[in-house]
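Listed after this line are the structures, all set down as structure tokens.
What follows is a pair of complexes built around chain A, which joins chain B in one and chain C in the other.
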Partner chain A sequence: MSVTTNSPPSGPNWQRFTPAQRLARYAVYLVAVMALVWSVRNVSIIPEFLYDAHNQMADLLTRMWPPDLSYYPTTVHGALIETLHIATLGTILSIVMAVPIGLMAARNIVPFRVVNEFAKLILVASRSVNSLVWALLFVAIFGPGALAGTIAIAFRSIGFVGKLFAEAVEEASPGPVEALTAAGASWPALLLKGYWPQVQPAFWSIALFRWDINVRESAVLGLVGAGGIGLVLDTAMNFFQWTRVATILLAIFTVVVLAEILVTQIRKRLI
Partner chain B sequence: MSVAEDQTSRSAERAPAGKVTRDNVLSLRGLTKAYERGKPVISDISLDFPARGVVAIIGPSGTGKSTLIRCINRLVEPTSGQVLLGGTDLTKLRGAGLRAARREIGMVFQEYNLVERLSVIENLLCGRLGYVPLWRVWMRRYPDEDIAHAFALLERVGLADFATRRADALSGGQRQRVGIARAVMQSPRLLLADEPTSSLDPRTSVEIMELMRDMAAERDIPVIINIHDVALARRFASRIVGMSGGSVVYDGPPEGLNDDHLTQIYGRSETGGWIG
Partner chain C sequence: MNKRQAELDQIRAVAFAPDWRMRAVWLGFVAYVIYATGQLNFTWERFVVGLDRGATFLGRMFPPEFKRWELLAEGLLESLQIAIISSAVGILLSLPIGLLAARNLMPVAVTVPARAFIALARSFHPIIIAIIFVKAIGFGPLAGILALIFASIGFVAKLFAEAIEEISLKQVEAVRATGASFMGVVIMGVLPQVFSRFIGFATYQLDSNLRQSTMVGIVGGGGIGGTLFSAFRRFDYDFVCAILISIIAMIMIGELIASWLRKTFQ
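The block that comes next holds the complex of A and B.
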């Protein structure tokens, strides 16, 4: 290849964006500001409530203090454990359902567009409904309690786990899979030795991350009667037992922080 | 391999095309692949490969060498033509039949294609996936003779100390040694290699080519190598197939390959002349 020298005499002239791109960027800024203004006007803040908000908050905090810690061993502890069970079982159940759907959604596993799109539809449907709404639905079906909460958590998590799992599978390098195909490996053997070792770190990372989210989500499911600590919280609030509410909130906060620390530690070791 | 044997195998290559002889492990008949209709990447390739020796397929990149070699074990689906392995037409096979044929053909890749997160020994055992039942693979309960074979091969390629090391901890040359050992683990009737040295430095390239030639000769496995490096091809192959524009333009011994052929295969070099 011959070397070409084509730098203009006036020196190089470089701009990050073309004028059209710059115009488009300004348009995006404008739209963002307009959206902000529009939404602030829409939420219709009532100024009278805003003015004494700090008084209300201080009032609530004084009523909460000191937390009624004697309430913890009698009621809160059991509900907390139930919440953890809902989160854990729900996560496991969601993984069982999400893995096959995720595989169906991955284009390098199932080379049929119709199947991919169908699987993605299921994943989107699962994600588009909030776990509280799922819980309402399952409370209606199974009656109030931890079972409804567990299934609600599982259904909400399918979309999250399935989508991320499918993406991890699609990112797997095709080279090793090609080599194992050339060695005469069957389809399940390809999944087991070609894809799984590549997807494994992502898989555990997704599962732990989702469990962490589910611990938080299952804490509120009781508000709609789907078991766990939310039920106790709802009762305490309905009876204005603010010192008990404080205990419950503290318990939730502690568990969420502990779950976060645990997950971070395990993930560090996985990669 | 003795000179006399070399001569007989050479004369077997010159058997008239169209006749599948017992001496040939592999015969291609009118093999054509077009990724787009009417634009064949390789067209009407007919070649016979003897049951021993190293055949090098040379040619510039994009000339269909890789497509040709992948059509043999159907990693690429040929558009038309036949691939006859010991008399069986591989293009007609499906499912279990195709897998059984594939496990008889070992393959070495340019980018090694090891499963990076598995140990070296398990990468070797992956060469047995076409033979070992799925539950054994799942439980990592590979047959004892396979494990013994894997360790013996690892010793042969000089990586005995690396058995439990993860594949991504190895250098390029070491990875390709594992790649060769994995292919030989299949106990193949034929070994394919797609640019096995293109990702390696010159010295390692020679070592890898020597290893592949020697291991294949020890086990009487014929080898077909795609390689763009003419010097390496001349040094290690007993026969050279030159490809250009999807067709075979030279087929014969390395000594017969002259500058005119090379110009025809690679086009005119700007520096003039060819090294090798």
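The block that comes next holds the complex of A and C.
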């Protein structure tokens, strides 16, 4: 068994992928490069803008410094609280709407394929429309303000919450449910005592995760008039008050980081 | 008989004890909802008026108007270009940044700044980053591309760093023992272990960038979002509907391609 020559060892020639797999991979690389080349050649960028970009960014950042902190208590604080209210109420509203739709989408709760697919269609539609577009729609309907923002956040979140909730319900073990059925439990009792204890950890985790995302998203809704801190940001930018803009960005950054820390802490305790 | 009943009652009391703490939490929750609803000036009247307006709004959205399809196609293609360029550059930049942020391969002096940069990129919504770039370097797709590159780094580099931290160090040591250079260790010892997960993050980010690239236009970052926003402002709701339908179609095609890509690299 000693290897004395440098020639390749005889025997089967091991390869990790089949020729078809390799071909598919190379095809993907080729298409990716072609798409990139096409994009770079056709995108309408003025090259001078690109070469000048770092100077312009540096200029903007110097104009932002130092942040005008005296602006915080007068205007930013209220808007920030409004943003948090929008995120929280939007999340609650979305859960209220997403739980029934999620139950409809779960195959072990509703045994009719048509209903499942219909619920899934609602969930996909909710996720495919960006929160800014939802906000534009609801600003057109309810007029500018926090109401439009809250409903936009809620509609945007239905897809996310409903999909994950349905998956959690489908993963629930049928054992306790069968035991309850055998004991003659009613349908609401089945849901409440058979499924709910099993999906509860997943449910809280989904809700907290979505709240975290919504805190970020609700900060931009104001740009299209849907209330919150985005409105203050938009105003400050339109008046070129860069030191105020810096204060607002700092406030958003702090809140987002705090929300993330809070969510991680609660998750550790709950789950 | 009476004694037995008392025992049962006691068991029942222990098994189904009222959970006062949870009740207090729920009470606080309800109080918060009422308080916040009041703070935001929600009234039932406004809601009802809105529903009425919503009906006329929906009526004006249909049928969708595709007559100006050239404008539509132009915007969609620009969004696609923004998504492709920003994904490519963002993912390529995420490789070194993610590597620098991996705590098992790099010294603390390097990981801390890299992690701070990633946290900064992640904390702001892509749209906010896009406004800053629009204000700094002017309207157009360049601002959108730069914003999405920044956002991509925040997501891909973070997950990439976490993936690297989870690798098995045995292979790294084996490669190091052969006298390989640092780049050799990275290419032969680290990358093969994280490559498939990296492809997963990259396709997810491509998908996410495609969604965001249709939105950066709302703040002037190029793409279909600008067309959408101006159609909204002109109350051109049938054109809005056409744009929304095409955006959703594009995103769904993107999702299909992404899931197909993931299967190819499984």
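Just so it is clear, the second predicted complex is superposed on the first by the 247 of 271 C-alpha atoms of A that agree within 3 Å, B and C clash if a C-alpha of one lies under 4 Å from a C-alpha of the other, contacts with A are read in each partner's own complex, and residues count from 1 in each chain.
Heads up, the rule we're going with is that a residue touches a chain if its C-beta (ideal position, glycine included) is under 8 Å from a C-beta of that chain, and two chains touch if they have at least 3 such contacts.
Just so it is clear, the model here is predicted, and its values are computed rather than measured.
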Could you let me know whether more residues of chain A are touched by chain B or by chain C? C
After the superposition on A, what does A:197 contact: first (chain B), second (chain C), both or neither? first
First (chain B), second (chain C), both or neither touched by A:25: second
Considering only the touch criterion stated at the top, classify A:121 as touching first (chain B), second (chain C), both, or neither. neither
For A:256, is the partner it touches chain B (first), chain C (second), both, or none of the two (neither)? second
Quick check for you: in the superposed arrangement, does A:176 touch first (chain B), second (chain C), both or neither? first
I'd like to know which partner A:270 touches here: chain B for first, chain C for second, both or neither. neither
Quick one: classify A:188 as touching chain B (first), chain C (second), both or neither. first
For A:40, using the defined touch cut-off, is the partner it touches chain B, chain C, both, or neither? Pick first, second, both or neither. second
Intersected contact list for chain A, partners chain B and chain C none
Over in the complex, which chain B residues touch chain A? Could you list them? 73, 75, 99-107, 109, 111-118, 122, 126-131, 134, 137-138, 179, 182-183, 186, 192
If we count contacts the way the header does, which residues on chain A are in touch with chain C in the complex? 21, 24-25, 28, 32, 35-36, 38-40, 42-46, 49-50, 52-53, 56-57, 59-60, 81-82, 85-86, 88-89, 92, 125, 128-130, 132-133, 136-137, 140-143, 145-147, 150, 216-217, 219-220, 223-224, 227, 233, 237, 249, 252-253, 256-257
Contact set on chain A toward chain B in their complex: 173, 175-176, 178-186, 188-189, 192-194, 197-198, 200-201
Would you pull the chain C residues touching chain A in the complex into a rising list? 32-33, 36-37, 39-42, 46-47, 50-51, 53-54, 57, 77-78, 80-82, 84-85, 88, 119-120, 123-125, 127-128, 131-133, 135-138, 140-142, 145-146, 211-212, 214-215, 218-219, 222, 228-229, 232, 237, 244, 247-248, 251-252, 261, 264-265
